[in-house]
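Two complexes, one shared chain (chain A), two partners (chain B, chain C).
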Partner chain A sequence: MATFTRGFHGKRRGGDDRLPPGQYLTDDFPVLSAGPTPQILPSEWEFTVETETGQVHRRSWQELMALPSETPTVDIHCVTTWSKLDTTWQGVSLDVLLEDVETAAEYALVHSYGGYTTNLPLEDLLDGKAWIAYRYDGEELHPQHGGPARLLVPHLYFWKSAKWVRGLQLLNEDSPGFWETAGYNNYGDPWREQRYADD
Partner chain B sequence: MSADYLDGNALAGPLAEIFTTDVSAAVGRCASCGLTGPVASLRVYGPAPGLVARCPGCNEVMLRLVRSPDAAWLDLCGTACLRIPMESAEGNSP
Partner chain C sequence: MIRWRAARLVKVRDENPTARTLVFDVPGWPGHLPGQHVDVKLTAEDGYTARRSYSLASPDGVELTVQRVNDGEVSPYLTQHMEPGDELELRGPVGGWFVWRPAVPAPVLLVAGGAGIVPLMAMIRARRAAQVETPFRLVHALRSPEQLYYADELLRPDPAVAVTLAYTRSAPEGHQRSPGRLTADDFSPYVPADCYVCGPTGFVEAAAALLVELGHDPARIKTERFGPSGD
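Now for the complex of A and B:
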């Protein structure tokens, strides 16, 4: 029987090299929630970006749909230790949404319908690293997964990918969000296993 | 809104790790709307990534509890006051 060493297989689909430390693979898409699921109609939805000088940029659902979209296929990692590989999304890159926004801010506080917030450095939203996603696995994003639209920042633990996103506040000073003020790590890099505040 | 929460009795076990008394039997006042009622009547979401207990009146967060392997973070900002039933302190009076 022929035997093969891992070194000759290249990057394995579903392999350990795509699984951050302490994570396990799942085919499910678990739903974790810190409150009731907001039911937001696209006709009511809007996305605002408020800069550090108080300038507000608004986009309606219709305007979001008119922007060029991308279809990223990404691995996602939840802090509760599940990871899901090759998830497929459709959404608008934050590079597009922030194109006409003048800012010198270094931080962003993400706001969601329902009151959830999460913070991250602005640079983690740029250069093809983040999207406002409105379709998952070829279908409209279900409300329990954040529909009509959620933030998608797959290189950080998934609590940073805020469901039911409604806007960004651009800030000169970092401002910890919902889980970041309750024991979770301020940055949340799964590859450095930054789960809790003191990790 | 979907009813994907538990009642406040779900807090009894996790809080028993921290308090010597059963806090789910306490009466709490919501810092947001002032509603006063038993902790057991709160709407509890979680347990992962953390327990989030919301006021049944206004839905604001009254308590958050995050447990790591070696620490617990307890946020009671949304709870103005807790009335906790205690054993009689008569014997300890001056």
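Now for the complex of A and C:
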């Protein structure tokens, strides 16, 4: 049975059908990170994909810029309960980045500069669901939001959209990342409200 | 699933004109580590709910300190309208990263900006309660004396916890440090430490960068930020 909170009415900001359960709308762009913001120059940035057989594919910043980009407009949902609608990004689809990669792996562990990691099924990165994003709202991506480039996987809670991304490790077996080993959900679907380990 | 528990407000304490500490009775609470937080859920009579996360202010019991955000949805209720006997739901503890464990002997440097003091206060209280020798240092930036929480505890000299209050706009009369942002001087002498930085985003960005500049190992700096909408 629900516990009612006497005298609480709430503000009921609109847009409810696009808000997953337990989320509220914000117009700001709050920042959540576990440590200091790494400062990475595009000239030293690279993105690697390592397959389950140990093959490594590398791309420099210049090579990334030369790939066809998309400008997805998506809703993002943070596990700390804020959601932001219609955010516009520019980046390269993971479909493009993984096109020439031979793999039978089912899982990916995402690595970031600064040591952050997060895991997800490889299929959640494919079919137009994920990007390596380097512009936000028409501007270069600010370091505190993950610049020069971050992963963008908007259909999962935003901790999966790793900032300062530097590579993917493709794995036959799932390997929990930073928050996933600290009590957060392994998958993180906001529509099923998978915030914590056994949600 | 971390389950929701009914929580009854038993006591309130005003920390300053805009912040209040709320002490809840939560039957079956499993205990927590200093630095962890809880999710709270408020349900209106018609079933509408709102949720927020708040840091636990004390290592014992469920004690939250809430800063009122004037156009906020939840914090005005918690700081102005909720009375002892009223109930909400909460679940937790949440967060296994931004925590201090009394068994770890490494020196600790806490850096708080404004309301960021709350989870760090839980660590200070745990340090005072534990039978350990761990050196603790708090550098607390705040706009003015009216913004201070836990004044009795932070102004009392304590050899176990060195406290530097860094007022950024106006300092109380007779305060040695002149008002201004945190600088390297506020952190001297340099001692390698496990660092915990908590506050608004801009503050945490600047303070964590300053710690790295001073020689602290980025891998030993843990941060917790609340955005401008951190209601």
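In the analysis below, the second predicted complex is superposed on the first by the 185 of 199 C-alpha atoms of A that agree within 3 Å, B and C clash if a C-alpha of one lies under 4 Å from a C-alpha of the other, contacts with A are read in each partner's own complex, and residues count from 1 in each chain.
Going forward, contacts are C-beta pairs under 8 Å (C-beta built on N, C-alpha and C of every residue); 3 or more make two chains touch, one makes a residue touch a chain.
What you are looking at is a predicted structure, and each value in this text was computed from that prediction instead of being measured.
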Chain B versus chain C as contact partner of A:22, first or second or both or neither: second
Contacts of A:32 with chain B and chain C, given as first, second, both or neither: both
Which of chain B and chain C A:196 touches, first, second, both or neither: both
First (chain B), second (chain C), both or neither touched by A:186: neither
First, second, both or neither for A:175, with chain B first and chain C second: neither
Which superposed partner A:80 touches (first chain B, second chain C, both, neither): both
Dominant toucher of chain A (residue count), chain B or chain C: C
Contact residues of chain A, present in both the chain B and the chain C interface: 31-38, 80, 115, 144, 179, 182-183, 196-198
In the complex with chain B, residue positions of chain A that touch it: 31-39, 78-80, 115, 144, 159, 179, 181-184, 195-198
Residue ranges of chain A touching chain C (in the complex, touch as defined): 2-13, 22, 24, 26-38, 80-82, 114-115, 144, 178-179, 182-183, 196-199
Contacting residues of chain C [partner chain A, same complex]: 1-2, 6, 39, 42-45, 47-53, 73, 77, 81-82, 86-89, 94-98, 201, 205, 208-209, 211-212, 218-219, 221-223, 225-230
Residue numbers on chain B that touch chain A, as the complex places them: 1-2, 4-5, 45-46, 48-50, 52, 54, 59, 61, 64, 66, 68, 71-73, 75
